[in-house]
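Every chain is named by a letter (A, B, C, D and E) in the order it is written, and numbering of its residues begins at 1.
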Amino acid sequence: MIKDIPIIAEQAQQPRRTNPLAHVFDELMNFARSRSLFMLHYCTGCGAIELPPAMTSRFDMERLGIQPMVTPRQADILLVTGYVSIKTLKRIILTYEQMGSPKHVIGICSCTVNGGMYWQSYATAKKLDEYLPVDLYIAGCMPRPEAVISGLQKLIDNIKHGKSDNWKDYYQRYDHYLGNQQHLFGNNWQTPTDVIGEAREYGLFGPQTLGQHTELLESVQKPLQPLEMKL
Amino acid sequence: MTPLDYLLLLSLLTVVIALVAGHRSMGGVWLTFTYAAQLGGLMLMAGLTNQPDVITSSLSFTILGQSLTWRYDALSWYFALITISAGLLSTMYTAGDWGEKFRADGGNLWLLHVAIALNVLSMLILLGSGDLLTLFIGWELVSWASFLLMILAGGPSIQAAIRYITYAMGGAMAILAGLALIYGHTDSFTYPAAANILHSLSTAHLWAPLLLLTLGFGVKMALLPLHLWQAAAYAHTPGPGAAFLGAISSRMGLYALIVVLIQLVGLVRVIELPVLFSFISARDVLAWVAAFTIIFPTFTALRQNDARMLLAWHGIGQGGYMLLGLVMGDALGSAGGLMHVFNHATYQAALFFSVAAVVYRTGTADLNRLGGLVARMPLSFLAMLVGIIGLAGLPPMNGFVSKWLVYRSLMLEGEPLLFVAAVVGTLGTILSVYKLIHNMFLGQLRVEHENIREAPWSMTAPMLILSVVVFVTGLMPGLVLQWIAGIQATVGLPVIDYSLGGLDSAQGSLDMLWVVGVLFAGFGIGAVLFYSGGRTHRVHQLDNYAGGHFLSADIRYHYSDNFYPGLMRLIGPLYRYSFAWLESAVQSGLGLLSLSTQGFYRRVAPANYALVTAVLVLLWVML
Amino acid sequence: MSQELTRMLDTLTKDIAGAKVTLKRARRMRIDVDADALPALLELLQGRGSYVHLSAISCVDWIDDNQFELVYHVWSYESNSLVSAHTRIPRDPGVYLSIYDLYKPAAFFERDIHEMFGLYFEGSPSMEKFILTEWEGPPPMRKDFDAEAWVRDTFTERDYNPEWLKELTDAGGGIAIRPQDIRK
Amino acid sequence: MRPENYQAINHPPSHEYELNFGPNHPGIEGNYALKVKLQGDQVVEAHADGGYLHRGFEKLMEGRLWIQNIALVPRICVPDPVPMEMAYSLAVEELGGLEVPIRAQWIRVMQLELSRIAAHLFTFGGHAATTGMYTTMYWGVADRDLFLDLFEELTGGRVYHIYNIPGGVRRDIPDGYLDRVTSTLDYLESRLPDYDNLFFTNQVFVKRATGTGTMTQQQALEWGVTGPNLRATGLKLDVRRDDPYLVYDEIDFDIATEEAGDAWARTLVRRKELQQSIRIVRQVIERLPSIGGPIRCPIPNPLAWNVPAGEAYARIDSSKGEVAYYVVSTGGDKPYRVHVRGPSSMHAVQVLENLVTGGRLEDVAQIMFSLDACPPEVDR
Amino acid sequence: MDALHILIELTLMPLVAFVVGLFMVLMMRRIAARIQRRVGPPLLQPLYDILKLYGKQTQISHGILHDIGIIMAVGGYIAAETMLPVPGMNGIADKAGLITLAYVLMVPSLGLALGVGQCANPNGSIGISRALTAMLAYDIPFVIVIFGVAWQAGSNNLVDIIALQQVDGIASWGIVQTPLLAFAGLFALHAILGKHPFEIYIAPAEIATGPMVEMGGKYLGGLFVMQCFQLYTAGVIYTSLFLGGGENWLTFLVKSFAVVAVPICIAYLFPRFRTEDVVRLVWKWPVMLGLIGIAFVMN
């Protein structure tokens, strides 16, 4: 029912930390992260109908420290609940890029794995992990609240042990993801977020961050430079 | 030659320079220096604030057997300081690029310089008035000088200025009538004689001159039913002129009221003076007029969509705090009221300067056509931020201290309703100033403003100087309070027991040094907490939450119009009915009055007119 | 009751040239009508026949006949019966008249048919795209659009025999008897 | 998004600003969007924007066998899936000339009404949450879960049941099932006073909901409003009565109506329907043991079933309004064309736009939820 | 009092406030959970949330003001905590009276308003507009209460007010002496906390959580810290004004928690008002009661 997606990208070389307490601090932060997950309130598909039961009185996700949040800025986990139509996928990518890292994507329902029963539909994207780095799939049509919660517990476990940093993969293999996005949305595809700049700024630059697809992007895009204060 | 003579001569010299060189490109700079010289001249008299002393001018006339004298005391000095500083900074602001653009846009820069210089001169003369007649002469000079400043921009300002002069003439008539009444009793215009006779007058007889004088001076002060002229007149005056007017002009009314109410009648008498057939005293009436002057204009400001109009309406509202504090009559209240004159002048000028800078760059002060300018005009934003915190009366700026003194006094005097009224005014101010700064500087930057730059230094320097003053006098209110204490000693009010950081008192003291210190320490800790978090990166404003949609450049998503809709659904009808009714009532009443006044002027020579009025009123008093 | 209904409809439609009324079952009537007579028929149904509720407009792509069939399902709350008015229009220009001024709900259905079949309705309040705003292909509900082929071109299928499973199988794990062994 | 959308152009010199409700917004039901243009808090213009849940069902169904489509149809309306299966089955039965056994018809009625109860509980929760009343949502969703348990026992699925097939239902009711239904209904009835106190008669809620999104009878008929929303304007119209299907003509129930036509009236109608549904289910429980017989009629090999050529239009009343399926067969093993008429395609587009325009920002979400619009029905 | 002593107090008071505030947030969430028939979050959940938010690795800022807004919001509350006397520590409560406190408490709101304004999000701006409207509403009963209490005590110094109430036990508490003011104060407190039905400026379904809309990471963390301070401040002010402050830490904490629990228990049973209804309600009952209360006090 729950399946880990193996992390394909090679880990970027982390700077060695000499402070002996750094390790303890990392453990603490990982623990806090695992115990406090804000999930984005975005019903992308029909699996969202099983989230209210999971959130509310009967299954109560708040006891695991999970609570719904409204905007992507506040959220840590993006639950893609079910099939993603192409129109929605654009919004999901926008939303994902607006979220602050560490961020986690959970694909709920079979449709996110391979298109599910809509495999021949012209309107839905088939494999979510082509467009976004997925941390965890919870398969089923649709998975029960118990399955959702057990999947979330698995994610919590992964975060606690520092194993769930697929979000770095998005920066490190941005070219790959962007290529798939361009394939589906056309060559003019651009989001307001400057992912390459972010990767550069946070030291998440990987060998596959840049490539032919990002070149294409840079040839068409009007980059949105932040409004710097000018005297 | 006394220092006062030097001062007045310097001021006259300024006018002359303005007349001669006002149209030159360097004229503004020269004028700035002469204003600085005036300030220097004033500083020669700084000793006035320490002891209740008077510096007389050697200039004096004798007309119709009445000698006209001019003299300065601590009160005059304090107001003169604000006047000259306002003139100095306004001219400095005008002297640079602003003036160039003003001229290029077809404005008459020469006239603007002359008008400001004339205003300063006339105000200095008014502030030096040594008797009732010079008070009236100074008053008339100030009225006409302000009129000149208001009208010079042409266009919509002409109507506003004419409205002003109508009100002012009505007020002048009332003053003249009041003076005539007093003269009828004393045969003399000197203050001591007037004070003597006013002390001895019976209640009913005292009411007539008091009412006439308060009404007359209240026009300039823009007390509640007589306030309708002010906002439009100030707002339509070109940039620095508006700052000058907003800072000091209407405070001349307060000065005259202080002279009449406190120096001549005596506040004790006002407090005791009952309103006929009722249980309230004259002070209550004045206090409530002040309270309504706080509330109504403030909430009118809330509805304005033009930045200058909004500020001008606030100028009226803040006048209410000054009067409210003064008529409380105790050390704290009067200190608060007097200090608010200085505080208001500083932040109001800074705000007007900032708005003028925005208008200079964008060409509009319409709050619905601006937004997001903080990224482009950060210094103007800073000045406005400091200014609005002062205007709203929040710590750590100076507006907080003066308002605190007024609140404290209202608490000690046991005036819960007035206290609530004052707080309502402050809250209304907070609401409207947030609207001001939000609609201009925060929110979405309009695409046509993407490439504008900060205003030049000649414009930002005056506002930054003022911002520093606003902050420093907020941090160390004792600097201003020492002048206030001098005034209180001079005019016979209880003297405030101040310290550098505020005041010490058994029933609750205020130490701004501590408050500001702790506040900034708090900010410091907040900053440490903040910067100990992860790194941030800046994003463009189109990278924004829009319900999951992509924002594009052609979408206007800046929330500006009808900024407080929930509140307006509740109190909006009040604006439509009460305010409109009040405005039309006052307008038609004053229209009638001004028409009749106009008739008098046309048919009767002014000198005779005064005589006739005096006779009529005397008859009424005798009967 | 149904007899009465049929009779009523017959009188209603006797002015409409070529209208053919069929009673399918209780409360279900079918009227076949020419394309140019359909608005008049609907006007009659609504005005005199109290068929005020437009339940749906369905479009069928008869690609072999090179025609679109439009079916207007209208319901009468008074006689509690449904009339389905069928008409056919040629597929080629694909333009027809809107009935928005008769039935407000038609706006949605016509807009929907426009983006799904590419059939244009003249006089409809909005022919902008609603569902397929970000779709650039041909109108997808047309029979000549092969969705499956499009999907095969656009998307790749998931690899159902990943490396880690192969390793498992090589190590002797997995299914005891493989399907191909059974077939032998 | 295309790069040219970020190019600088002049801003409209307007006092209006735009705000997007959805798709990622708690004030919108499901994955749907409403773009509103506001002045202050007054909505000047509203444009619905759908398609986020578009899967091309109608196209998909043309490519699958008749029996396969049964798995597809419940997905068209997620909160209330049973009517979708039912309408499709009814249409196919009409085409194929199948006679559904009477026992299966009663079971279907029970399932329909249980689904209606679950959907209404969910709607109350959503509607309450738009006004900030989360407790109702927490309670409502938790109580709905009991009904999902009943479904699970009967059909094996919590949300999507795939229980009705052309010709009848998939399996008979388990032993003791009717007792469990009765006890669940008893529990729900005992909870209703709590809901009344907490929500339906809560003065703050009443104040907010009265006069919000009001439509007249005339408007409702003109805009094609159906179901509870239509009944909230005082019209006693219900497909179950006017166009009876299954055994609804043998069942005794009242059509719940309200006069006002505003958000509160719509909520009250649903509240009354909840009781009527309980009443219907109780009648089914009473009658069902006495009705024997098979639960489905024999159909040919479903994998090679050629449904006779023809066309059928089946309408039923779901918790949202009138659901209708137009099915065309050319005698093949797959439908030639299936057209789904979801009630929300009216409610969520035209009606919503009309009601929201001129209203207030505060009420946008409330109006949407009070209409009980279900976006997947619009997008299909 | 030497400088070191006061420095220690100034450091300790915000710390205490933060820790107590964390538990108040926890209490709030637990009460909500119990009303909603849930289990609720674990003991240290508020702390985990804040730690997690501060530890976010990428986060966005819309400009310097966005940062300064949060700094001012948190810093303003930190400053305000030093003006609230707690058992054994007075901080600078005697240097800044009640009015100063009331105005210092507006600084965080103003800071937040500036930060939100820079985000250029209409949802945030609407939220701020509503929050300021609510402030206009609830501050009027609040200052009436302050006036009444200050008049009753003859001082606007919180230390004096507390001392006066501790003279002879419960009989001298404000809630016994001036019950009308105490009720008005509780009403105002409910509105100050912005809980339902006064929760107009968060309103997720209407304006997508208003001011918080563009806040993520440490910005949101700052707001969470601010929430702790806000609950603490509200509880302690009310305790100091009407419940005789704290004789010792135990009674102090019991009273503060009890005060905060009252509005929270009410809040989860109500939907939210419209903006103008909030203003109307708050200007009607608490203001009326407060003024009657003052009339009693001043006679």
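What to note about this one:
Going forward, contacts are C-beta pairs under 8 Å (C-beta built on N, C-alpha and C of every residue); 3 or more make two chains touch, one makes a residue touch a chain.
Not measured: the values here are computed from a predicted model.
Listed here as common contacts of subunit B and subunit E: A, D. Among the chains present, the centre nearest to the common Cα mean is that of E.
Farthest chain from subunit D, judged by C-alpha centroids: B. Put simply, the chain farthest from subunit C by mean CA position is B. Per-chain Cα centroids separate subunit B from subunit C by 73 Å. Between the CA-based centres of subunit A and subunit C the separation comes to 38 Å, rounded to the whole angstrom.
Subunit C and subunit D have CA centres that are 21 Å apart. Centre to centre, using the average C-alpha position, subunit C and subunit E are separated by 59 Å.
Of all residues in subunit B, those that touch two or more other chains are 372, 374-375, 445, 535, 537-539, 541-550, 557-559, 563, 565-566. Contact of a single residue of subunit C with at least two other chains is seen at positions 132-134, 140, 147-148. Each of residues 41-42, 56-57, 70-73, 87, 90-91, 94-95, 98, 120-123, 191-192, 198, 202, 224, 226-227, 229 in subunit A touches at least two other chains. Counting only pairs that meet the touch rule, the chains in contact are A-B, A-C, A-D, A-E, B-D, B-E, C-D, D-E. Taken in their complex, subunit A has these residues touching subunit D: 40-46, 48-50, 52-53, 55-58, 70-72, 83, 85, 87-88, 90-91, 94-95, 117-118, 120-124, 141-142, 144, 188-192, 220-222, 224. Listed in rising order, the residues of subunit C touching subunit D in the complex are 25, 27-28, 52-56, 58-61, 71, 73, 75, 77, 80, 82, 84, 103-105, 107-109, 112, 116, 130-134, 140-141, 147-148.
Those residues of subunit A whose C-beta lies close enough to touch subunit C in the complex are 6, 86-87, 90, 113-115, 119-123, 125-127, 130, 183-184, 186. Remark: subunit B residues 371-372, 374-375, 385, 389, 392-395, 400, 404, 407-408, 411, 414, 416-417, 419-420, 423-424, 427-428, 430-431, 434-435, 437-438, 441-445, 506-511, 514-515, 518-527, 529-530, 532-539, 541, 543-547, 557-559, 563-567, 569-570 touch subunit E in the complex. Partner subunit A is touched in their complex by these residues of subunit E: 29, 33, 36-42, 44-45, 47-49, 51-53, 55-60, 63-64, 204, 208-209, 212-217, 219-220.
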